[in-house]
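When the chains are written out, they are named A, B, C and D in that same order, and each has its own residue count from 1.
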Amino acid sequence: MQWAIVLLLAIVAPLLPGWTVFLLSVALAKALVVLGIGLLMRGGLVSFGHGMYYAAGAYGVAFAMKLMGIREALVLAVLGLVAGGLLASVLGMLLARYRGLFFAMLNLALSMMVYGALLKFYWVTGGTDGMAVRQATFGGFVPPAGLLRVAYFYLSLGVVAIVVSMAHRLVRSPMGYLLRALRDNEVRVNYMGGWVEQTIYRVYVLSGGLAGLGGSLVVLNVGHAVPDFAYWSQSGEFVFVALFGGYGHVLGPLSGSILFEFVRSYAYKVSPYTWQLLLGAMLALVILFLPEGLWSLVERRMARRDRWGWSWRPSS
Amino acid sequence: MTQLALIAVGGLFSASWLFLVSLGLTLIYGVLRVLNVAHGSLYALGAYLGSSMVLVALEKGHGVPVSYLILLGAALLVGLSVGPFLERVFLRRIYQKEEVLVLLLTFAIFLMLEDVMKLVWGVQPYVVNAPYVALGVVKVGGVRQPAYPFLLTGIAVTMGGLVWAGMARTRFGKLVTSVIEDREISAALGVNVPRIFTGAFTVGAVLAALGGAFTAPMISVVPGVAVEVIVLGFAVVAIGGLGSIEGAALGSLLVGFLRSASVHLFPELDLVAIYLVMALVLLFRPQGLFGRAEMRRV
Amino acid sequence: MGVVLETVELTKYFGVVKAADGISVRVEEGELVGIIGPNGSGKTTFLNLITGYVRPARGSIWYRGKDITGLSPRVVTRMGIARSFQIPQLYGGLTVLENMLVALAIRAGRSGEFWRPLQEDARLEEAMQTLSEFGLEGAAAQGVSSLAEGERKLLDVALSFALKPRLLLLDEPTSGVSVKDKFEVMDRLVRVLKSSGVTTVFVEHDLDVVMRYAERVLVFQEGRVIADGPPGIVLSDAEVKSAIVGTG
Amino acid sequence: MDRRGSLLGVVLLLTVVSWLLVPGQSSAQPPGAPREVRIGVVSFLSGPAAPHSGIPSRQGAQLLIEALNAGEVPRPYNTPGIGGVPIRAVYVDEAGPVDKQVTEFRRLVLDARVNVVVGYISSANCLAIAPVAEELRTLTVFSVCGIQRVFEDADYKYVFRTRAHQIIDALGIARYVLLVKPDLKTIAGINQDYAWGRDSWATFKETILQLKPDVRVVAELWPPLFSGEYSAEIARLLAAKPDVIFTSLWGGDLESFVGQATPVRLFEESLVAMTVADNLLVPGPGRFVPRGIVFGARGLYGPLTPETTLSRWFGGRFRARYGYFPIHDPFNYANSILGVKAAFEKAIAATRRWPTVEEVVRAFEYLEFEGAAGRIRLALGNGHQAVEPVGFGIVRSFDPTKREVTLERVIRFRVECVNPPAGVKSLDWIRRGFPGAVCP
C-alpha cells in the first residue's frame, strides 16, 4: 500500500507545478516528525514539545554547514536524525517516567527552554533572526536550479519511504504491540515482566530522531532555521496533524501532513485575513466527527471492500 | 532595602495576575479534566469587551468609578454567554474521549475565536487606561508604584476566596467536589454531572474573562493577547498541580516572585524563568506542588 | 518439597487501616492455597505486597530462598511469580489472541524486537494452544472489550499462566462471574493448574469455592492471619465463621 | 529654412511627441507589455504585529497602487500603473512560521505568477526569503525589516531594500540624546528579548560608549516579546534613575509600557528615547503620546516627514482615507512600490520595450528615486540597500483628535552621519569610531 503511494508520488511530482513540489517536500519532511509523535501516541504519550527535536535537527544542519562545511544532503539528513536522537536520549532519561498530561507539559517546558536557549545565545544562533542554510549537494553535485526542488523532493520522498516502511514493520512487531499494550494497561505490562520505561525510552529516542530528521529535511528545503521551530505552537501543530491524519496507521501521519499543508496554504490564499477561522473549523470538525483521523475513513472504506471479497490489500 | 521592597511588590503584582489567569484554568481541569486552550480566548474576549464597553461609557460621560463595574459586567457577560455555549456545543460531545483530543478541540476553538475577535473588533489596538490611571500611585521604598495592580491583587484574593468558599460551603460546591472525587459514583448517586460540568466551565470562563477585563486597562489590547496567557497559565497550573486551587496560588506566587526578582537581579532570565520553575518542579514532583499522585487500584 | 514463598512479619498500614499486620506465611511447592477473609481484611494487599506493587513498612518476603522485598512487579514477575487480578487487567484495544501473543513475546524476552512481526508461526501456535486450554480459542479474534466477564477473568488468568510462572497468585478468580458459571470456571482453572503443577495461591471471597478447591486455607482478618489449615477443619471453626460471615 | 518650414517642423514634432506621450492609448505601453503587473504584497494581517505595522503597511500599499493605476500620483509618477500597465496586488499574511513564509513566497511566484514581491516586516522572514527570491529569479523588494545582515553578509541580485537598515534608528537616537543632553552620565535599556531588541540596544550602547566612554549602563532589561506587563521593569528603572532610557519597544508592547510608565512619571524622571514612537500614532481609542520623550519614527516619517510634493499628496490622501498621518510602515511600503515603478520605467526608457527581470534589476541597482517622503538612494550592498537620513525630536504636545504630535528640538541627521559607507559593516563602523561620518 505505502509503496503504491510512494510510487505514485514519485511519478507525479515532476509534472506538478513548482510550488506544489516544494510544498510536498516540506509536508513529507514534516510527516516524519508527525510519524514519530504518532508512534508515541500509540503508546498513549502525547508530547507538546517535539518542536525541540525538530529544531535540533534544523540547527544541527545549520551548524554542520557553518562550522564543519558539510554540504552533502544525505549526510546532513542523518546528522539531523542523530541530533534529534541524541537530545532525546538525554532528556528521555528524565521523561520516560512521566505519563499523561505531565509528560505533555514537561515536554512543553523543556522545549520552551530550548527555544529560550536558541534565542538567548544569539551570538551563536542568530537569535530570532535565525541561521541560514545553503543549498546542499547530492553526491558532490549541485543540481541545476531547475532540478534542485525535484532533487530535494526525491530526497524527502526516499527518506519517508524508508522510514514509513520501517515504521510499518515496527507497529506490527512485538515492540509495536507492547506500545499499544502499555497504553491500554501499563500495570499489566509490568505484571508480565515487560519493561515499560525502557520501551517508552526507546520509542521516545526514536521519535526524537525522526523529529530531528524531519527538521533537517525541512530546513534543507526552506533554507532558514529559526527558534520558532522549538516554540510550543509548532509542537502543537505536529500533534494536531497526527490526530488529523490519524496515527492508527503509518500512512495516517503522511496523508495528514500533506493534506494539512495544502489546506493551510489554500486557507492563506482564499482568506488571508481569516485563515485561522477556516483552519480551526476544520480541526474541530475532524475531532468531533472523525476522532480517529482522516485515515480512518480510508480504513473504513477498505474494510467494506474486504467484506465484499475483493480485497487488494496485502494480508496483515 | 528598596530593592527588596520593589521585588516583593512586583512579585505580588505578577503573582496576582498569574493567579487570576490560572484560577479558572485549574478549576476547569479539576472538574472536567479538560486543559482548556480556549481559556486564552475567553481572556481576550473579556479584555476586548471590557475595554470597548468602558470606552462607550466614558464617551457617554459616565465617571471612571463606574468603569470598574463595567469591567466586571463585561467579564460576566462573556463568561455567562460564551462559557456555556462552548461547553454545550463543543466540549460536551467528547468528554469520554482522551484528554488530548479534548485539548486539541479547545485549540480549534481558540483558532476560530482569534479570527472572530478580529472580525468583531478589527485589528486596531484598544488602550483604555482610565481605570488604571484613576487609582493613582503609591510609594514603595521611595519609588512610585501604580495603585491599580493592588486592585488586581484584591480581585485575585477575592476570587480565590470565593471559589474556595464556594467549593467548601455551598451545595453546588459540594456536588462539584463529589464529581471531582469520583465521576461515576456521583452520577450513580444522582448528581446531574452534565449540569455540574456546564456550571464549572462557566465559572472558569467568567474567571478567564475577569482576568482579561481587569488586565485590559493596563495594556494595549491587540490580536494575539490570548496566546501568551495560555502558556503562562498552563505553566502555573502545572507547577501548582493540575486541578488544585491552592497549587495555582502557590505556583503564581513562586513564578511571580521569581520573575520580579529576575527583573531586578538577573534580567537575562526573565524569558525562561517560568519554564525553569516548571521543569524543576515537574522533575522532582511530577504531580505539581499540590497535585495528588494517583495510584491505580488493581 | 521446597518452600516457594515465605513472608516474615509483613506489615503495611494505609493511614489507620491495618492492611497487613505482621503476616508470616509459608507456601510449599505444588500447593494450592486459598485465602479467604472479609472485605478490607488485607487479601489483595497481601498479593500487592508479594508482587512489589506495594512496599511493606516492615517485614520481608522470600521467594525460593531469595529476598524479594521491595523489588518491582516487573522484576518479581521475571523471577517467576505471576498474578491475576480481581478486575481483569487486559489490553482493551487488542484482541484476545494479541493479548496472548504480547504475553508470550514478553516472556521470551522479545518485547524490544521491532523488526519481525509479533504474529510469528511458532508464537501463534503456542498462543492458540494456551487459549484452548482455557477454552478461549473461539474468542481469539475478538476484541477483549467484547468478552463476557467470565471470559475476561479466564483470559486474565490465562495471560499469567502463559508466563510459565513457578508461583501463580490469583485474585478472586470468580468474582464478577455469575453463580451459574462460577464452578465451571473454577473447574477449568484448577484442571489446568493441576496438570501443570504450578504452585498457586488464590484469594477468594466465596466460602464454597474455597471449600471445594483449596488444599489449604488462610483466613485473613484486619491484616492478620487468624487461621491456617485444611479447609474442612479451618472453615468449621466458629470464630472463623463469624469473622467471614459477620463482616463479609 | 524659411519660417513656414520651421513652423511645420515644430508642429510635426509636437504631433509625434504628443502621440507618444498621451496616456490611455495602447501605444503608451512599451512593446511586449503584459496585461497587468502583478505585485505580491506581504505584511502581517493577523497576530500582534498587525495593528501597528502590518495593517498600516497594507493600507499604504493599497492606497498607492490604486492611485498609480488611476494615474493620480503626482510627478514623477503621474503615468498610470507601471509603464502604462495596470498593477494588480495580491495580499498575503506574513504571520506564521518561516517555512510557511517560504511556501507562500513560492506560491506567489509560481502559482499566483506575480512579477514582483514587495514587503516583509520581520527580519527573520527577510533573511529566509532573500535566497528563495534569488533561486526563483524574482524581483523582491523588502520594505520594513531592519536587519543589516541581509546585505552585509551576502550578495543578492534580485533582492533590494528600499529603506535603511535598523542601524540608523539606534545610532541616530544615541547621537541625538548626546546632543540634547550632553552631560548624560547613566543610561539604561528596556528592549524585547529577541533579535530586534538585542540589535537595537547593542547599537545604541556601542554608539554612546564610543562617543562618550565615561557613561555608565545601570540597567539592561529584557522583557519577553508580547509580555505586556512591565510594572517590575518600570519600578527597576525608577529606582535606578538613569539619565536616559533607551527602548526599541514597538506596537502593543510599547503602548502597554507607555500606559504603565506614565502614571508613575517615568517620562519625567528620565529622558526616554523611543526609536519606534510613531507606532503610538496609529488610531485607536485611548492612546496617547507622553510629553518629553525622544520621538523616533525609523527615518523621516510621521511627524518628521519632510515637505515634498509627494509626501504632501501621500500624507493627505492617507489621512483622508484612514484618519491619520502615515507612520513609517505605509511610507516604507509606498517607497518599495515607487522604487519598483521607477526601476521598471528606467529600464523601459533604456530598452524601449517591456524589460526582462534582469534589465529591471540592472536599472534598480544604485537607483536614486523620489520616495513618498524624500529621495531614496540605493547606495550600499552593491546598490541594493537604501540609505536614509533620520531625525528625532522631543514631544511637546499631543493632539489626540488629529493624532498628531508637536516636536521640539528636532534634529535631522544626514545620510552620511548615520549610514556606514559602502563596504563597511555597521558594527565595525561603530566600533572603529564612525570613519567617514559627516555629522552636524
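Here is the rule we go by: contacts are C-beta pairs under 8 Å (C-beta built on N, C-alpha and C of every residue); 3 or more make two chains touch, one makes a residue touch a chain.
The structure presented is a predicted model; accordingly, all values stated were derived computationally and were not measured.
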- Note on the structure: Taking mean C-alpha coords per chain and comparing to the overall C-alpha mean, nearest is chain A
- Of all the other chains, whose mean CA position lies farthest from subunit A? C
- Item | Rounded Å distance between subunit C and subunit D, as computed from the means of their C-alpha atoms | 77
- CA centroids of subunit A and subunit B: separation to the nearest Å works out as 33
- Query: Approximately how many whole Å separate the CA-defined centres of subunit B and subunit C?
  - Reply: 48
- Note on the structure: Taking each chain's mean CA coordinate, subunit A and subunit D are separated, in whole Å, by 38
- Multi-partner residues of subunit C (each touching 2 or more other chains): 53, 89
- Please set out, as single numbers or ranges, the residues of subunit A touching at least two other chains. 119-120, 187, 273, 275-276
- subunit D residues counted as touching two or more neighbouring chains: 45-46, 193
- Going by the contact rule at the top, pick out the subunit A residues touching subunit C in the complex. 169-170, 172-178, 180-181, 183-185, 187-196, 198-199, 202
- Item | Residue ranges of subunit D touching subunit A (in the complex, touch as defined) | 45-46, 91-93, 96-100, 102-104, 106-107, 109-112, 123-124, 127-128, 131-132, 135, 147, 149, 154, 193-196, 198
- Message: So in the complex, the part of subunit A that touches subunit B is made up of which residues?
- Response: 41, 46, 94, 97-98, 100-102, 104-106, 108-110, 112-113, 116-117, 119-120, 187, 232-233, 236, 239-240, 243, 273-277, 279-281, 283-284, 287-288, 291
- Item | Residue ranges of subunit C in contact with subunit A within the complex | 51, 53, 72-74, 77-78, 82-83, 89-94, 98-99, 101-103, 105-107, 110-119, 159-160, 163
- Message: With touch defined as at the start, can you tell me which subunit A residues reach subunit D in the complex?
- Response: 17-19, 22-23, 26, 119-120, 122, 126-130, 132, 134, 145, 148, 218, 221-224, 226, 228-229, 234, 261, 264-265, 268-269, 272-273, 275-276
